[in-house]
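A quick write-up on the structure given underneath.
Note that the chains take the letters A, B and C in the order they are written out, and that residue 1 is the start of every chain.
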Amino acid sequence: MSIAVAFQDLTLGYNRLAAVRGLRAEIAEGSLTAVFGPNGSGKSTLLKGVMGTLDPIGGQVAFGSLKREDIAYLPQQSDIDRTFPLSVVDLVATGLWREVGAFAGIDKDHRERIDTAIAAVGLTGLEQRPIGSLSGGQMQRTLFARLMLQDAQMFLLDEPFTAIDARTTADLIGIVQRWHGEGRTIVAVLHDQETVKAHFPETLLLARELVAHGPTEKVLTAENQFRARQMCEACDGPPHVCGRGGP
Amino acid sequence: MIWEALVQPFTEFGFMRRALLGCIAISIGATPVGVFLMLRRMSLTGDAMAHAILPGAAVGYLVAGLSLGAMTIGGLIAGMAVALLSGLVTRVTALREDASLAAFYLISLALGVLIVSTRGSNVDLMHVLFGTVLALNDAALILLCTIASLSVVILAVVFRLLVLECADPQFLQSVSGLSAITHFVFLSLVVMNLVGGFHALGTLMAVGIMILPAAAARFWFESIGGLILMAAAIAISSSLTGLLLSYHFSLPSGPAIILVAGAFYVLSLVIGPSGGVIARAYLRPKFEP
Amino acid sequence: MKLRRTFLKSVLAAFAISAVMPTIGQAKDPLPVVATFSILGDMVSQVGGDHIALTTLVGHDGDAHVYQPTPADARAVSKASVLFVNGLEFEGWIDRLVDASGFKGTRIIATKGIDPIPFEEEGDHDEHGEHAEHGFEWAGVFDLAAGTYKWSFAKVDGDYADPAMKMVVLQSGDIEAAEEKAEALLEADSSDTRRDNDVLVAQDTAYTLTFDKSKDMTVFSVDIKKSGKYAFFTEHMPFEFEANEHFFKDLAGKDVEPIAQEPDTGHHGHGHHHHGTFDPHAWQSVQNAIVYINNITSALSEADPANADTYKQNSEAYIAKLKEVEAEISAAVKALPESSRTVVTSHDAFGYFEKSYGLAFKAPTGISTESEASAADVAKLINQIREEGITAVFVENIADNRLLEQISSETGAQIGGTLYSDALSAPDGPAATYLEMMRYNSQTLSQALGS
C-alpha cells in the first residue's frame, strides 16, 4: 500500500512556540485515520500543516501518491463567517472551485451534482436558506455536501462531529465511511473516544509529539492515553499556547 | 409643481446635472465596495483609507496645484502604499490587519501634514481636499465615470473570489492561491473609489456614500446581489434627494447628500424587514432555526 | 516665505542671546513686531521701515481664515513688542496663539475705528439688498416693564466710536415688522436731538444722540410708559460704545438683554465685542486702510517713541499714496457703464470695496473661505449672471476656484482675471504690496467689465 502523506520530523507552531514537535508518521493511501489527543496536543495544527496554511518550523510534510491539490479540508466551523449572506446552495457550489475556478460559469451538469450532494446530506428543500439561519447540524451537512463536490482523493476533517446532534453525526459518519469505501484517504481530528473506536480503524495519538500510531485498538490503550496527558501537561509553553491547537 | 420641485433644477442648471451624474457614478462604483467592506467587518477601514489618501492628494496639490491628475495619482499612491504595507505586515508578522492599517494610515497622515506644513502651510488642507460636487468639470466627471466603470468591471471579475475570501477565507486558501491577490485587489478598489469620491464629496464624505447605503441595505436583503442593488439604489436616491435639498433649502451639498443617506440608514434600521428593530420585535421566531 | 525664513534665523539668534539678555526692544535693535497676514504686514512695514523687525505669519497667497499657526509663529509672537491683527474675527486662531505663546506686548487691532459692515444671514441678501442701504446697523427687541431705563454710550480707547448717532424706539416685538418704519424714520430729514441725561420715549421720530466729549460716558434715560416689547434701531452697533459695562440697564443697575436682535450676535457677553458678525475684509476700502495706517503709526510711536517722527513721516507719505490710489479706483469705477457694475467672485471678500466704490459683488460662498456652497447659492448666482447679463467672473488668489470656473462655463461669463482679496501675491507677482494690489484689482475689474 502506498503512502499518501508522510510527516518527516515535522515541527509546527505559532510565534516560534512549537505546537507539534518532531512528528514522524505516515498516512497510508485509503486509510481512515483518527487524530486523537488531549486539548492542546496539536491536532488541528497538524491539519493546517498538511494544508500548507502553516509553514513547518522544522522537518516537512511529504506527499506520496497525492498532491496537496487533491486534498479537501474541513476546518472548524468557527472559521466560516456565518453572518455572510450566502445561501446553502451558494456555499455548496464553492466545492466546484477546482473545476470552475473563479471565473467560469456553472453548467447544467454542475447543477445536478450540486443537487445530488445536497440530497445526499439530507438538505433538499433548504437550498435557498441563508447559512446564518442554519443549525449547527445543518451547517455541517452543508459543508459535507461541499466536500463531496470537491471530489478529493484525501479528506482532512477538523472536529467534524463537534456540537451537532446524534442523528446528523450518524449521517455524516455514513458519508465518511462511503468515502472510505471508495478508496479515499481520510484523516479526522476527533475528541470523542467512542466515535473513534467505533468507526476509525487507524488512530494517531498526539500529545505535541507522537505517542502512538497504528490500529485504533492498539493505540487507544489506557497506558498510551495516560502518557499523552502527562506529556501535554508537562509541555513547556504557556497555557494559551496549549489552547491554540483546538480542542 | 412637482415638476418644478424635482426636475426643473436639473433641466435648468448644468451644474446640477453634472453633480447628479457625478454622484450616480460614485454610487455605482463605491457602494458595492462598501457592501463588501461591511460584510468583511471592515467598515472603518474605509475611514482609515480615506485618511491615508488625504496626504497623497495634498502632496499632489503642492506639486502641481489644483490638478485633478496630480491629486488623483498622489492619493492613489499613498492609499496603495498604506494598503500594501499593512497587508504585508499582517502576513509576515503577528500584528493583526486592523492594527497595522491603523499604524500605517496614521504615519501617512502625519507625513502628509508635515510635508504640507513645511511647504508653507498657506493651503488649508481640508478645504482644498473637500471637493464640492457642484464644481465638477469635464475632467473630474470623466475621472469619476472611469473609476466607476473600472470598479464595476474589476468587481465582476473578482466577485467569486471576493465572496469566498470574505465568507470562508480558509477554504479559498485551500483551493486557490489567489487569496492574497484578491485582498489587495479589493483594497485597491477601496482606494480607487475613495480617490474618485474626494473630488466630488471630499475625502471624508466619500466614505459616507460608500458605507452608509451598504449598512442600510443590510436591513433589507439577505443576498449579496440584493445588497449591492439596494445599496446602489439608496446611494443614488440619497444623491438626488440631497442635491434637491441643497437646491431648495440652501444647504451645503456634500453633507446634505450624506445626511440623506444617514436618514435612509436610520429608517432601514427601524423598518427594515431583515433584522430591523420592528422585524426583530415581531418576527423573531421566523429567524430562528 | 523668504521673510519668514530670515526671521526664523534671527529668532533663533535672538533665542540664543535672550538667555543672557532677557529683555527685548533694546535701544539699537529694531522693534520686533508681528503682523498676522501679508496685507497688514505690508502696511506695517510701510510705516515702520527699517526701525522694525517684522514677521508676517500668513504669507503671500495664504488664507488667513483657516491658517494653522506653527511653533515658529508662537515664538515670533512671544518675542514681539507689538502684534498687529486685523480683528473682526478675521484671524480666528490668534487668541489661542497669543495665549500659547505667552505674548506680553501690545495687541493692536488694525480695524479699530472703522465702520464695520455687519453681515447678513445667508439667504437674506435678496430681501435687504446692499449693506449700505440699511438705515440701521443694529436692531434689538427688549421685553420691558413700565419704568425708566438707562442706555449708555461709553468712550472706547479714549473716544466715542462716532460723535453722534441716530436711534429709533418703537413699540413692537418684531424687528422685521417694524424695520420699514424705522428705516424711514432714520432716513428722514427731521430728528430730535438729545444730549447727556436727556429722556427718550417710544415715538415716531428718530433721535440724534449727541455724545458728551467731556465725559467718558453719555447716558440717556429711556422712559417706558406701558409694559411691553420695544424695538430699538441704532445707526451703529451698541457694542461699539461699550467699555466696561453693558449698554442697557434698569434703574437698579441690572443689565437688560435683548430678547431678539439683528444681526444676531449669538452670545453677547458683557462689554465684549463679538466680531463674528462683521465682514473682516476692511482693507478693501482705501479709507479703512488709512485708519489701519493711523492705528499702526500710533502703536509704533508708543512702543518706540525714539522713532516716532520717522513713523509719522512714513505714514504721511504713505497716506498720500493711498489717496492717489483711491482716486484712481473711484475714477476707474465711474468710467464703467452703470449696467456692468456687478462682479462675481469666489467668496464675499469685497463688501468694503462695494460700499466705498459702488461696485456690487456676488459670491457663491459666504464671507469665509471655510463655508461650503449650497446648490441654491450657485443656482441663484447663475440666474443673476444670466438676468443681469454679467459678462465676467473673477477668481481669487486664495480661494478654491473650481466652482467659479464651473459657473463661468455654465453661464458663458468669462473669467475676467484674478483678484487679490485676502493676501498679497509673491514679491515678483502683480500685487506684491497693498498699493499694487488695490491698483491691480481695480485695473483687472475695469478691463474685464469695461470691454
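Methods note: a residue touches a chain if its C-beta (ideal position, glycine included) is under 8 Å from a C-beta of that chain, and two chains touch if they have at least 3 such contacts.
Computed from a predicted structure; not experimentally measured.
Chemist: Which chain has its C-alpha centre closest to the mean of all protein C-alpha atoms shown?
Modeler: Chain B is the most central one.
Chemist: Max contacts between which two chains?
Modeler: Ranked by contacting C-beta pairs, first place goes to B-C.
Chemist: Using the average of all C-alpha atoms in each chain as its centre, how far is it in Å between subunit A and subunit C?
Modeler: 78
Chemist: Could you give the separation in Å between the centres of subunit A and subunit B, each centre being the mean of its C-alpha atoms?
Modeler: 39
Chemist: Note which residues of subunit B are touching subunit C in the complex, please.
Modeler: The touching residues are 9, 12-16, 18-19, 66, 117, 120-124, 126-128, 130-132, 134-137, 243, 246-256.
Chemist: Using the touch definition from the top, list the residues of subunit B that touch subunit A in their complex.
Modeler: On the subunit B side, the touching residues are 39, 94, 157-158, 160-161, 163-164, 166-171, 173-176, 178, 221-224, 227, 287, 289.
Chemist: Residues of subunit C touching subunit B in their complex?
Modeler: Its residues touching subunit B are 1, 58-63, 65-68, 70, 122-123, 369-379, 382, 400-403, 405-407, 409-410, 423.
Chemist: Considering only the defined contacts, which subunit A positions touch subunit B in the complex?
Modeler: 15, 51, 53, 71-73, 75, 79-81, 83-87, 90-91, 94, 97-98, 101-103, 130, 133-135, 138, 150
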